[in-house]
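Two complexes follow with chain A in common, the first pairing it with chain B and the second with chain C.
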Partner chain A sequence: MKFMGKKSKRERTQAIEGYVALSPWMFGFLFFYAIPILASLYLSFTQWTLVGSVKWIGFENYIRMFTRDPVFIDAATATGFFVLYSLPFKLVLGLMLALLLNMKLPGMNYFRTIFFLPAVISGVAVSLMWIWFLQPDTGVVNTLLRYVGISGPGWFWDINWALPSVAMMSIWKVGGAAIIYLAGLQNIPAHLYEAAAIDGASKWQQFWRITLPLLTPVLLFQLIIEMIDAFKIFTEAFVITQGGPLNRTYFFLYYFYEEAFRNFNMGYASALAIFLLIVIMSATALVKWWSNRWVYYEN
Partner chain B sequence: MKTETLASSRTQEIMDLHKARVGQRNRRALPKNILIYAFMTGLAFLFMLPIFWMASTSLKLPREVFAFPMEWLPSNPQWGNYEEAFSKFPLWRFMWNSTYMVVLSTIGQLISVPLIAYGFARFEFPGKNILFMLMLATLMVPTHIKFIPLYWMFQQLGLIGTYWPIILPEFFGHPFFIFLMTQYMRSIPKELDEAARLDGAGSFTILYLVILPLCKPVLAVIVVFSFLWNWNEFMAPLIFLDDFEEYPISVGLAFFQGRYSVEWHLFMAATLVSILPVLVLYFFAQRHLIGGLSAIGLKG
Partner chain C sequence: MFKKTTKAIFSAILATPIALMALADDKVTITVWSMDGHDLGNEDTHRQVIAAFEAEHPNIKIDLTLLPESGLEDRMNTAIGAGGKLPDVFPLLSGEWAPIALDLSPYIEADPELSQDMYAEPFWRTRATFGDSVVALPTGIGANVVLYNKDVFDKAGVEYPTADWTTEDFIKKAVAVTDKANGVWGGDRPRDAYRAIWHNYDAQVYSDDSTTVEGYHNSPQSLAAYQWYWDLVHSDATPTKAEIDVLGTEGTGPVDLFIAGRLGMATLNQSHMLRALKEGVNFGMVPEPAGPSKDRHANAWSATPAIAGNSEHPQEAYEFLSFWAGMEGQYISMTTGLNMFPSIPALWKDHPYIDHPAIQTFRTTLDWPLVRDFDGTHLCWRAALRRVDEVYELIGLKAIERNEIKKALDKEVVVLQTALDDCVSRLGS
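Entry: the complex of A and B
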């Protein structure tokens, strides 16, 4: 009571009004995040087909996942390799593109518009476009390759090329990363470069000593965002490959979708979902921890 | 190859040449710049190739579509393909559904986000920082993994097959938008609030009459992103809708793939139509879009 009395009326109003303002988010958090995630966690220990009763089976789903489910291995492999193929290219090429776009030359805005465009088109339209673009016989890429005497691969329809093809599609959207880098680049004070130039630093040295260190926070941000995004690949598998050929593009979320909404194995699908969540959260934590060694903070 | 010159890059080349001529100081750097421009132009062609190919195919005769070796351009552009695509696929229906979803979702964000952000930006109360961190952490959670409990929940409410499962969550604020708006509101001087308070305005009057009018740039970013994301959304409508008539354009197109995949000229026309609203928005709202991305890039 004494404690309450000490608080001014203003402070109490502040708190009440603050909670009122936040109430939509708190409600949304409860019903669209907290409860569904906890429910998924619970369901991952059960067997359930959406109708009928929920049957508790303990760790059975997880045991099945890790010991006797070859499709799980396929899905994890496909997703892992997709992340490995697309992420480094997106980060490095995105930076290179941003450096080019950052040059103080007239007309760069037009290039920015062009390179950023692929990043705003939908997954479905892009997938359809690329199915047609990479046709083995009549597609543009293989025709161009034929001009220079190379017989192009079967892209999405080839066991070894399906996954790289999907990665290539994703790298096509590198403009999205480049735009964020660009914002970071333009935030670097010009006087640093001027000072370095007076001291006789070459462009190359300026890049390694000024640009890159000052860009590391943006790099970290990009790494996390793009990584989470890569783990969530789904549409391409659904529209283009249906997971094939030979499960080479059977991405994790696609497996989740098939288990949950085609086979109605809700318990097992929930276990898959929880596994993906844990993977994403640990990968993010790991990257954050690792970043302490290389991210440069001004203060 | 020269046939696929895009109008915009041609204009840009002309403008650049003009500017380069005008700029006296640039004269010495010209050869190097030409190299850079040549490289960028080449790269731009490469990036635009899939889109060009879609556009070219959409104007071809059926027999030209599978011509071997392929032809870069249709001999005689078949604009009638678009008419045929509209009659073959219920494109109007799909696009209307998408528009409906987009508009309601965006309204939801515009109602909820300013209020929530105001709470984070202007009030002191116990647990605020933890709640803010929690809000940011939800950005990490893939929406998809919550679909099973949500499906069950909406099924109990009898809402499967309606747009509610897709639209309703949008009325509680997207964490990315909340973050963006909170940061922006924090940059607005508190003296404005104080002045309004002295004039007798309550907290929520201050939000809607003083602060929100200053937040137009963020509101624009919200509208643009909400449009893009919802127009492109695929998995949620795929799961929560069960009637073909209700499908948005993303799911509708995917649905037709495999059924009509032989008629690629019509299919490419439909695909192009499906991204047209996005393209139009992109060219008009680029500045906001890039501004929004920059904001996360800098503050992330």
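Entry: the complex of A and C
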């Protein structure tokens, strides 16, 4: 018999065992996430060139960011447009691909593997490959376009096409998302489709009334993950465009990498990082709030 | 008996590492970070220098790590920022690292075999010193020159460039030599604004005291340089950025395109020249073309290894550094691998290719004012560079008319001034 609120020895032991089991993750979170974020927050209020001492300057970095830094506007614009260009396509195309991969046809496992491959190839290797694909004069894409009488654009080297080119590269990796959708599709009970078919529902009605609603939790997950990934775009700017032409691909992560490690402006780079963190957290919270209107949970 | 034997064996096992540790304590290990190439020599040259040093200094062991340039920069910045252990010896790639380098002045004063006078003065001036301190020692030197492919010129029936040629000659010859049908360009473009050609127009991005951009970036001299660049781009005699990104050689000038015979002229350096020589390319060499300035400028540099200020073995590190950058080490670098050009004039006569006319051309440029005289003393140049590239980039993209350049430069002055003021407050003028 135990008193109310007082745990038994067994319960205490079980609790301790639980915390011990959690401790590796907790240490990892503490030392690789929480402490670095707090350190960045502190540094964002300082001026520090790596080799000198840290000098407290208050909100000066944030004031500069919003009032005196034109490159901040370029970076925010490039990142914002990249999220807007790539995210809807990745969500829709990922779902369409998953529907195709869900079909019961021979050899489908091979297709699933092929479509998933882009998601696991190193970002640097993919970037170098796409430089060759999209080279305006000798690249594969423009050569094929010329065969059908179309003069292809300058792609990464064109002011108007650089950002869409990077978005296209990102969308090319949609196979990874498709596999997640596929898992969701295969969890939808088959008897629902059978019942709908008996009631005379068309394929489109089955998709709209059964598949999509039951897939909304997976859609929400993908939306949040893909949105966060889109905000953190970096490799393509680093390897291919170096932020150009004319800062059209000067993404936020690349901007604060340059500020920190090329311009030795660690304080300002930390302020930029904190700003991006706030933006991503706010966007995620907004999506989560919005999801109450359209995500269907069976329970 | 068995117990005694067992005891003896265990004692020997326990004593061996202790003995080894005792022996190891006599040897000092110096960690060295360096790069393969980049006027420091290839890996084989590094190993030969180390082997020669260790033979003369049996109490010092060198632990070498070779890294690519961008990797070394990031690794050093991370180590500096984290307050972690720096290598004892490292190449001083960035002026911003100078404050953490050891002041070598007392060591040099006490060293009977090394003195400032041994070195070519421009490289001591622009690379080895920081304020009143000596923070590095120059090793291999390099400079930009223009290599021209004689076979390409002969095929086009165009006379070779001469040493006194001008920027206008450069464009004319590039156009005359270009053969688009056979994939041959006449020349290449400067990789940035405000390199040697800009200085040959007396163009300067901001004032010497790092306070004023107005009247410098948009001066008549800067305008003339940018207009020359516009003329070069619109001559269609040079590969575009898209073409260079795919076909060019990463991290340096388009040496592969030049050796393949696809560039009539290329702005390269003397190590590229040696490579072209070894690959049997029929080439000549001239300095970068002259502009209206009465002085011609050279974009020349020297690799400059330094010692970390917090090195635990500064004396041993200096012994290695002074060997590497001294007569013996530079002789090895000069006669092996990439045949680095030494920063010690007394060694020049022993360079394997010293009699080649191209090397003579290279040597003349070393006496000119250096671009580094401005760049090296104005750390904020890099902070302003990003903003400068807008007009340079617009021209390269053919997105601006010639008569719009002045207006664009005037507009950019405001942005540059803000960036400069911000940078000076951090890094100083």
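We adopt the following convention: the second predicted complex is superposed on the first by the 293 of 299 C-alpha atoms of A that agree within 3 Å, B and C clash if a C-alpha of one lies under 4 Å from a C-alpha of the other, contacts with A are read in each partner's own complex, and residues count from 1 in each chain.
In the analysis below, contacts are C-beta pairs under 8 Å (C-beta built on N, C-alpha and C of every residue); 3 or more make two chains touch, one makes a residue touch a chain.
Note that this is a predicted model, so its numbers are computed, not measured.
Novice: Does chain B (first) or chain C (second) touch A:Arg146, or do both, or does neither?
Specialist: First partner only.
Novice: Please work out whether A:Thr138 is in contact with chain B alone, chain C alone, both, or neither, and reply first, second, both or neither.
Specialist: both
Novice: Report for A:Met266: first if it touches chain B alone, second if chain C alone, otherwise both or neither.
Specialist: Both: A:Met266 reaches chain B and chain C.
Novice: Output check: A:Ile159 vs chain B and chain C. Expected answer is one of first, second, both, neither. What do you get?
Specialist: The second partner, chain C, only.
Novice: So, A:Thr49: does it touch chain B (first), chain C (second), both, or neither?
Specialist: Touch status of A:Thr49: second partner only.
Novice: Counting contacts the way the document defines them, which residues of chain A are shared by the two interfaces, the one with chain B and the one with chain C?
Specialist: In chain A, residues 50, 131-132, 137-139, 260-261, 266 are touched by chain B and also by chain C.
Novice: For chain A, which residues are in contact with chain B within the complex?
Specialist: 11, 13-15, 17-22, 24-29, 31-33, 35-37, 39-40, 43, 50, 100, 103, 105-107, 110-118, 120-133, 137-140, 143, 146, 172, 175-176, 179-184, 187, 217-218, 221-222, 225, 228, 231-232, 234-235, 238-239, 253, 256-257, 260-261, 266, 269-270, 273-274, 276-277, 280-281, 284
Novice: What part of chain C is in contact with chain A in the complex they form?
Specialist: 73-74, 77, 80-81, 96-97, 99-100, 240-243, 245-246, 382-383, 386-387, 389-390, 393-394, 397, 399, 415, 418, 422-423, 425-427
Novice: Any idea which chain A residues touch chain C in the complex?
Specialist: Residue list for chain A touching chain C: 47, 49-52, 64, 68, 70-71, 131-132, 135-139, 154-159, 240, 244-246, 258, 260-266.
Novice: Which chain B residues qualify as touching chain A in the complex?
Specialist: 6, 8-9, 11-13, 15-16, 19-20, 23, 33, 36-37, 39-40, 43-44, 47-51, 53-54, 57, 65-70, 112, 115-116, 118-120, 122-126, 128, 131, 134-135, 138, 140-142, 144-153, 155, 169, 171-173, 178, 203-204, 207, 228, 231-232, 234-235, 238-239, 250-251, 253-254, 257, 264, 267-268, 271, 274-275, 278-279, 282-283, 286, 289-290, 293-298, 300
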